[in-house]
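One structure coming up, written as structure tokens, with questions to follow.
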């Protein structure tokens, strides 16, 4: 996130703060699928007074935290292939049923990473234009079309400072028009029929500075 | 905290409305959520579309709903049995609509609805009059008919035990349509023999994970 | 089966003998689905030295015989809604999985009743032209298209003496071109690319007499 | 008498041939039938199409099959991982074909193959380049892509216990693709931790009924 070095006054969120900000918006009792990578942190910082049931595409509901070193079941892993545990009340099921849950509108909230998000909600999070890497998609497309609410959690810009929030995606789409809200290290932004609407900005960052880091026009909720 | 247990049948079926499509579990008399159906009867709702394998028998549950003229349409595979007197009477009088669906197609239409799919091609019924008016396509040398998802407002099912997260296990052949119906409705209600504490059900043996269940009630 | 009263010398099979003749052709180790009505008898007379796994569309594999009076599980019934038992090694599963087995080619043999069978293998066993009865289909269509081998078990003619084996069905089809073999109280008949081929006839019935009761040309296996 | 238990891995995979399509269970390193894959490697068969979620990692099982140039084509959802060195090497060299399928579609394509259906419409991937060349249809206001059944010659899966009828139960998240793969292949082989006597598995908790299984072997 070196792109922010030029704005020392901006109190951008670190990964854990960003995860906590996302977790704040996940209600008690939700069924949640966290994408691999950054979104996985959300479970670690969720408010302890909320009962949230985490789903994993490989056939788990009621996932608990990582096991203590050396105590884990080697077959019990999450979508990111990291060891996890199962809470009382959890259940195992097969892959096809796991995707019934994901594609069928049974997951309340999914939190996904993104390469790009467009102002109309289009999501690109599975392939770039780097032809030297084999393509890989996993369960991202099923989740993106199937979860009731799609949250994106990402740095506001790429490592080299280019915006990830755009008028339209240049990378291949994961799914069209699916993103509901975007949480970045700089802002919380809703995708609305009128495009991006900023709900929150980190302290020390002006509207113009946020707009300068964003590839599509921003409206601000406090103006409406 | 999640607690899907409710204290009464009336609370269990609260919100079922006139015109709803209601899935009702069971095959013959096995696995029918009799008490839940009676609770819906007590609600007084009308113009229901009922999706169930058989069209009721005798004077109770589905047959009672039909007798009381609460059912506008029934979607099923086998409405005819020795006890389906009320269905047959109203059907002959033109007072109830019947959509006949081959049993595997009935089950699969609910499954694809619950799975977020847009429909499927099946060879079952493709050579029969039940395919009339539907898209027919030859796949791999065989006729297939296109069938659409069957999504519902409510599912009423019967299971054996439930915990507060709504996890369900069933009893023998009473399982039948319960698991698929649970996935296909906006509101899924299960009547069970008993509640158990969270963690008592072996995670390897849960048949319907609680994500598909909204309310559980002992009956 | 009064239609045979005029041929007193024909040793037509009774229901149990017919069931036994069908059972004779079911190999050890088969997965079998028996249609409701007459075919259900097959399980009662199968050779005891064969291990046959019976499937029921309502979610049972490994069905055993009817329970002793008063000892049965009221929820444990077969497709004909009669009480049954479960053998050691049996399993319960839900309806959708039961039809995966039926439609997906996993059942080795199904034995079905029939109103009519055509010389090209067309089967009509779910609806007649009686418009006063509501139509009912159950799982017949899924079984007919999905079982590896479709055997029909039926009286050779209707109660009023009309043939059930025809050039083409006049009743609505269950499925086209699916029947492999027909077992009647008078004969065992294969459906072949050349039409009906008789394998066996009951003693006391001539070829001409059998042909007279059949609505399509018969060939005889012993001629070929 | 039915007895699907076999005494050795070699017998378990006998009959796998050049050019076969082979389903291999597992997700990451969970539920991979490592010993069965090595037995196929020992057979020396070539030109395989391997269907599996990931493209192997390190030097064992699927990665070993790829390294030894036995795999003509891989059908999977996520071939890229920190250890997928051999796949990436051969893919860059143009020596292995990749068919990328969204994970839910991969699973569902095997399910419809096992279920005797002709294909289905799914919204997953319909807006992406993975839908190119496929039939796209707007259903209920949303783009869907038509996906075909994925049937195989052989399925190699890993379960926990089996009886002589081939009934299977699994262990935790190692279940993953096992149950659906078992339905979609002409020959299904399961490696298990242990055999149990017929009747020891609770009929309420069998996950894969033996009808879908041809051979079981302890490994």
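Per-chain residue numbering starts at 1, and chain names A, B, C and D are given in the order in which the chains are listed.
Everything that follows uses one rule, which is that a residue touches a chain if its C-beta (ideal position, glycine included) is under 8 Å from a C-beta of that chain, and two chains touch if they have at least 3 such contacts.
Keep in mind that what you see is a predicted model, and the values were worked out from it rather than measured.
Note on interfaces A-B and A-D: more C-beta pairs are in contact across A-D. On a Cα centroid basis, the chain most remote from subunit B in this structure is A. In this assembly, the C-alpha centroid of subunit A lies 35 Å from the C-alpha centroid of subunit B.
Per-chain CA centroids place subunit B at a distance of 32 Å from subunit D.
If you average the CA atoms of subunit B and of subunit C, the two centres end up 29 Å from each other. Counting only residues that touch two or more partner chains, subunit B has 108, 111, 115-117, 122-123, 142, 170-172, 203-204, 207.
Of all residues in subunit A, those touching 2 or more other chains are 86, 92-93, 99, 102-103, 145-146, listed in ascending order.
Interfaces, counted as pairs of touching chains, are A-B, A-D, B-C, B-D, C-D.
On the side of subunit B, the complex with subunit A involves touching residues 1-2, 111, 113-117, 163-165, 167, 183, 198-199, 201, 203-204, 206, 209-212.
Contact residues of subunit B toward subunit D in the complex are 108, 112, 115-123, 137, 139-140, 142, 144, 169-172, 202-205, 207. By the touch criterion stated above, subunit A contacts subunit D in their complex at residues 56-60, 73-77, 81, 86, 92-96, 99, 102-103, 122, 126-127, 132-142, 145-146, 172-176.
Interface residues of subunit B, counted against subunit C in their complex, comprise 27-31, 55, 77-81, 87-88, 91-92, 98, 100-105, 107-108, 110-111, 122-130, 142-143, 170-180, 207.
Only residues 28-29, 31, 51, 53, 55, 61-62, 86, 88-93, 97, 99-107, 145-146 of subunit C touch subunit D when the two sit together in their complex.
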